[in-house]
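Can you keep this structure in mind? I'll have questions shortly.
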Amino acid sequence: MIINGVTIDDTFAEAFGMRGTRVIITAQNLRWAYNAARAMTGFATSVIACGVEAGIERELTPEETPDGRPGVSILMFAMSSAVLIKQLETRMGQCVLTCPTAAAFSGIDEGYPEITRINLGKNLRFFGDGFQISKVFNGKRYWRVPVMDGEFLTEETTGMIRSVGGGNFLILAESQPQALAACEAAIDAMSKIPNVIMPFPGGVVRSGSKVGSKYKALIASTNDAFCPTLKGITKTELSPEIESVMEIVIDGLTDPDIRVAMRAGIAAACELGAKNGIKRISAGNYGGKLGPYHFKLREIMA
Amino acid sequence: MIINGVTIDDTFAEAFGMRGTRVIITAQNLRWAYNAARAMTGFATSVIACGVEAGIERELTPEETPDGRPGVSILMFAMSSAVLIKQLETRMGQCVLTCPTAAAFSGIDEGYPEITRINLGKNLRFFGDGFQISKVFNGKRYWRVPVMDGEFLTEETTGMIRSVGGGNFLILAESQPQALAACEAAIDAMSKIPNVIMPFPGGVVRSGSKVGSKYKALIASTNDAFCPTLKGITKTELSPEIESVMEIVIDGLTDPDIRVAMRAGIAAACELGAKNGIKRISAGNYGGKLGPYHFKLREIMA
Amino acid sequence: MIINGVTIDDTFAEAFGMRGTRVIITAQNLRWAYNAARAMTGFATSVIACGVEAGIERELTPEETPDGRPGVSILMFAMSSAVLIKQLETRMGQCVLTCPTAAAFSGIDEGYPEITRINLGKNLRFFGDGFQISKVFNGKRYWRVPVMDGEFLTEETTGMIRSVGGGNFLILAESQPQALAACEAAIDAMSKIPNVIMPFPGGVVRSGSKVGSKYKALIASTNDAFCPTLKGITKTELSPEIESVMEIVIDGLTDPDIRVAMRAGIAAACELGAKNGIKRISAGNYGGKLGPYHFKLREIMA
Amino acid sequence: MIINGVTIDDTFAEAFGMRGTRVIITAQNLRWAYNAARAMTGFATSVIACGVEAGIERELTPEETPDGRPGVSILMFAMSSAVLIKQLETRMGQCVLTCPTAAAFSGIDEGYPEITRINLGKNLRFFGDGFQISKVFNGKRYWRVPVMDGEFLTEETTGMIRSVGGGNFLILAESQPQALAACEAAIDAMSKIPNVIMPFPGGVVRSGSKVGSKYKALIASTNDAFCPTLKGITKTELSPEIESVMEIVIDGLTDPDIRVAMRAGIAAACELGAKNGIKRISAGNYGGKLGPYHFKLREIMA
């Protein structure tokens, strides 16, 4: 399959089951909603060392938020419920409880076959030292916690669902600026798709890894087969003209969400096309035996 | 002391010794330098649950960076060397090693009485699986680690010094938007001061705490004496017209750095003045017995 | 009518017929689409001295743009077809023809009772010095104009319709930071509404005017009845506690579009409420005799 | 001359005398200082159709502004005093007088051999309808004009000097994304240099022109010798591998300011180097007979 001169590999991205949640953060204005959301989703590029993978999903209009204020929604994913619940509580306490004028609400209430309620502000309420006030409204419990700027308003719980992490595709280009340009176009497009985040810095990762290392203490190391500077000295997967490879990883609430995002991102990268040095789109997998979700590139782009 | 109608309390901020370091992050352009730096300094509002307090210090011109590319400098602080070293390595691995086109360099080489070299890319080099290359240039060691987008270039170490955390001041205003406006003006001004960061979301914290809680499991709880909604039901420190209080916390490489930043921030807040609802500037301390650094507000503003 | 403690005046905004058009600007990525769009809609706050009132309407996904690239849509309004056509051509030539990787497309093709086609790139094509190439696709004509970065792609025409300018409301507050906070919240909300722009800087104007002046050469001057500093020395419309007034002006493709935007903005301002110093919402009119469109505040907020 | 594999042509940029001025714009916070400054410097890419070339020079700390608030400085250039004076007044009236909380001050007071005072707020004061108040402070006259949000504070005049417009260089690359990447790096670097602006959208222009056209009504048309798509059908200046050319134009307060900016921008572009598709740096001139300022590339990069 070739799109605008770009070869789409006959391969697939292999993805995993994760637990995912959404939180709606509002504030007096968008600047402060973003301040809270950026702090809360920072240092969350990979579950391996960050615990969670998190990102800002999109901006919300006042009509879309429970308290009628401007807001943003964030998504957070982990490999287990326990880690997700713990990280959510910690990050809420450090980044939303602390942030001037910010409030937090459940972002998943219906629309999925199985939704587990997890703590959002349930334990943070104790910060109120007994002065906190509970309120039930439309069947949902909220907490008003006295803080210096007024009150921290938070819903008691949010919804957690079974979701999917590790959707991905690789962009192979003739030079680094071209690969980066394709990634920027792809991220610009994918950031408009609901229900997904691209957790790495700016949405992109350049340090793809293989399992194992010559250093026995390490369980992963650079994917030398995809390193352009090693073409001459290792068993490479790169043809001679490829000088830069970048990867976009996607976590999504469901399998179809990831498909939509992958399609949008690959299409945007291919829009630049071969004449701009974009030569090939590939994907990362482990032979298909580890992850239950297989996103076939050619099927997605059909 | 009264500035533009704003009362400056006769009190002081009590701050603590920390260990601090600076890292210079460069990339193909500023967008990607910021992408790496924001990921690396995210979820770093308070040492208690984040391990470190971190933030972006400032943008750097290509003339100011070791590799002649656009960049930003970040500062990171922890309560001990061990935590700082560990967090630096983890965050470097998750947020700079991964970020397209990013490189990292030492940000502290001289100018302080005692500088300890700590690992910056020293251990990350093993990600190269033996393909990494060392280079000594002007007496400093660098590593070139093959990655998919080309090479990850990193200096082997950066400098760590004894620094100061917890400088702070409180803004007391007649309403929440006025307190927020004063904080925005203060942060706009303080973000131009070198050698400091304001680690909370957007630079501001609204959830000031006191030691202890009625819930025995908790070691801290809301500072009810400064909560406007509790004026009628607790022993308050707030006069009747105060309806919102916000705090700016500052970590700095040295004691004088924090003074300069506090002065700039307080001056900016007072510029709005009493006619805009800014009534009083105070500061947080523990009676002066815990932290060795005392920043007296009236001395700073003299 | 009182919303969250804020009085909604029993008055109306008086608006005028204008001609409006939409242009879709795409580029390699969003940064450059914005660069073109910001240049093109700059210095366009008021028809009186700028010729047109213009602004960015919203971001577009690649799926929403004719060439599958990220983009933004801009709206432009003038008091007559002739001025709009002339300004559109000039601004296209200065700000989109010149901008790296940018392309321009029609933003109004159907959905309105009467659409007039006006030149978008029709005359700009001659910049190609005879090397330009025409292409008809799906019944629409496009031009490919050779430029240094490759080709400037532009649709030949875009649609112009009869639209509405001068929707507005006033926010009256107890202090300047509070008025500004309400405006920021309102603009954050209104910027999500399609088919409208708020043409003044950041969406807000503080220099409301009355007809006439003591200086005979001037046809308008400061609306002293709404100036807080003149409460003691002129016939004021302000009660004693009002210390700051700001106005949001809206231009929209149709009358209902302006209503939706006004409602969103007023609701966001009232969300802050009287406890945050927001006391009153009013609107500007000329007694109802000049402009055919009357937007009654209480009807809109009902 | 070759830098990092990039050929520096043995040519020069030919620039012209202009009149230039600087205005300092402050506001309650940086968001609103930028709102005013962006409106004021929008649609100002080229003197031919915009009257002036204008841009934001840099952010200012409260210590650097006359009223102790956050601010930005803007530069504005025109081919004659009369046009500059007229445009400054119009743009001030539309974009700063109107902008909530904004104030304007002189940006050039000393340091140049010949400074002409021109009106900044001198005529705008009449908007006050007689309620305006004059104040002399440190030998400078200011006006306080009552407006709805409080007062518009403006200095009476600012300084105008003889300056230089049209410094430029061309980046020639193997593809459009590579040329764009080099421009982004160059603009990131040049935006840190004082006393200069790059007036085109995002700082870059892709529609270079030659004098004359086959259409007799036009005085300029596409510079076909530098259009990559025309290599086969016109007398080209491009070697076969060049597929995209972009130009950065610089206006500066003085001749040395432009040199410093050109050096920074070219160095940043060359930092990407030949391996990233950046092949050649050139410059635009008219044979040296029209403009008195000649910026020789090799001299600047020596």
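By written order: A, B, C and D. Residues from 1 in each chain.
In the analysis below, contacts are C-beta pairs under 8 Å (C-beta built on N, C-alpha and C of every residue); 3 or more make two chains touch, one makes a residue touch a chain.
Chain by chain, the UniProt names read as follows: A, B, C, D = Formylmethanofuran--tetrahydromethanopterin formyltransferase.
Quantities reported herein were computed from a predicted structural model and do not represent experimental measurements.
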item: Selected pair, greater C-beta contact count between C-D and B-D; value: C-D
item: Chain at maximum distance from subunit A, centres defined as averaged CA atoms; value: D
item: Centroid distance [mean C-alpha coordinates] between subunit D and subunit B, Å; value: 34
item: Subunit A and subunit D, separation of their C-alpha mean positions in angstrom; value: 39
item: Interchain centroid distance [CA atoms averaged], subunit C/subunit D, Å; value: 26
item: Contacts with 2+ other chains: residues of subunit D; value: 28, 31, 176-177, 180-181, 184, 243, 272
item: Footprint of subunit C on subunit B - complex, ascending; value: 31, 174-178, 180-182, 243, 272, 275-277
item: Of all residues in subunit C, those that touch subunit D in their complex; value: 28, 31-32, 35-36, 38-46, 49-50, 90-91, 93-102, 126-131, 145-152, 170, 176-177, 179-180, 183-184, 200-202, 204-209, 213-215, 218, 221-224, 226-230, 233-234, 243-247
item: Residues of subunit C that touch subunit A when the two form their complex; value: 28-31, 59, 61-63, 67-70, 181, 184-185, 188-189, 192-193, 264, 267-268, 271-272
